[in-house]
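The structure is given below, and queries will be raised subsequently.
Chain nomenclature is as follows: A, B, C and D, assigned in order of appearance, with residue numbering initiated at 1 for each chain independently.
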Amino acid sequence: MTIRIQKECFDIGMEIERLVGQNTAIGGVTSFVGYVRDFSKESGVVAMTLEHYPGMTERMLEQIEAEAHQRWHLEAALIIHRFGRMTVGEPIVLVVTAASHRHAAFESAEFLMDWLKTKAPFWKCEETADGNSHWVDARESDDLAASRWDVD
Amino acid sequence: MTIRIQKECFDIGMEIERLVGQNTAIGGVTSFVGYVRDFSKESGVVAMTLEHYPGMTERMLEQIEAEAHQRWHLEAALIIHRFGRMTVGEPIVLVVTAASHRHAAFESAEFLMDWLKTKAPFWKCEETADGNSHWVDARESDDLAASRWDVD
Amino acid sequence: MKVLYFAWLRAKIGFATECVTPPTSVISVADLIVWLKCQSPGHASAFADTSCVRAAINQEFVDLEAKIPPGAEVAFFPPVTGG
Amino acid sequence: MKVLYFAWLRAKIGFATECVTPPTSVISVADLIVWLKCQSPGHASAFADTSCVRAAINQEFVDLEAKIPPGAEVAFFPPVTGG
């Protein structure tokens, strides 16, 4: 179980290397990095602040990661989610999954991202160049993406 | 168009950073690294040598990458494929795709890997601890995976 | 009962957390919202449209109909926008 | 005509490339295989089971029925196993 909530940036290469370590059963590693874009829905975004619910965030990320381990045979998985203020171009989130077969790595990484988007208690507040800021609305397409993984 | 065929190892973090650069339209980057596993079908694999068809390899990787750009709206894509001798645990192949939306990044990275497996002229010769070596057979599951992307 | 607010709910109410003692008639999260709306104009504004409000009890997502157990930590926030 | 061999076809034949001048009756890749099989025991062994043999003309995959254009580079190899 490897999850981290932090203010600091992360080093993708180092995180992957550390996760793979000496585990030679790993055949493939998929990673995903989400960045602060400059054109969410409004354009002219220069920075954003991610607020989160300390305590619940850790709980939810652990649940989400445990679910991935239950659905796929993974050798290792990592979720790092930042909070606080970030400027355009900075990385926000890193998901890494390692498996003996590549499809498990690909599918589980996409699953983790889809669930993170809809189940992790984070809220984005974007700042535009004119000095204003606004809370980002949840996107229906994210709910739709996450619902693909429902087993009901 | 960024493809590289090389003997040398690669630095995943640096490659991703270089590909993303200052492009703030990028919202998500998916990467996949394939490693030399110790249990392909025979167990006890200690190393392998990847032979390729110089000239045709570059041609095919360019075709595969161009196809990905045609199918998805990508900001950038990178394929690095190594050849020569590699020991267990070493990375063989790196695929990175960058897009404004994460699903394009995920899907195109998986597409590139599926096509690489079936269309790039590489051949694996595995060495086992007892000093023997054998050519790896193509896997039907790879053909099946690649056929998912057929359009007709 | 500890109540937490996040994102624009926190901004409208003006603080992130408060301890409240609602009457015993407040059973569900929806009851609590009705009661909180009367506490200040900020609360009234934050809870004006509950279709945009999500809740958690003891750090687990719940529907607004969920009953609040004694000593619970209740949180209110908009739909999440992480990742 | 330049012919290239890869992987176990190269290993069985004993070299990676050769220049050949097959008779004009050799039109297709399949014809070329039949003719190459008579060149050495190594060739015969490499092409014993053509269901495991794939081919390229001028660095593009082709079926064994494909016609060989003049001056072509023809390559033989097993199904690919990269990635």
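Criterion: a residue touches a chain if its C-beta (ideal position, glycine included) is under 8 Å from a C-beta of that chain, and two chains touch if they have at least 3 such contacts.
Just so you know, these numbers come straight off a predicted model, no measurement behind them.
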Co-neighbours of chain C and chain B - touch as defined: A
Interchain contact steps from chain A to chain D (minimum; 1 if touching): 2
Distance between chain centroids, defined by C-alpha means - chain A, chain C (Å): 26
Distance between chain centroids, defined by C-alpha means - chain C, chain D (Å): 74
Euclidean distance of C-alpha centroids - chain A vs chain B, Å: 23
Chain B, residues touching no fewer than two other chains: 34, 102, 113
Residues within chain C bordering two or more other chains: 83
Chain pairs that touch, as defined at the top of this document: A-B, A-C, B-D
Partner chain A, residues of chain C touching it in the complex: 4, 6-8, 10-11, 56, 59-61, 75, 77-83
Of chain B, residues touching chain D in the complex: 34, 50-53, 55-56, 59, 81, 92-93, 113, 116-125, 135-139, 142
List of chain B residues in touch with chain A within their complex: 11-14, 16-17, 20, 22, 24-39, 88-89, 100, 102-103, 105-106, 109-110, 113, 145
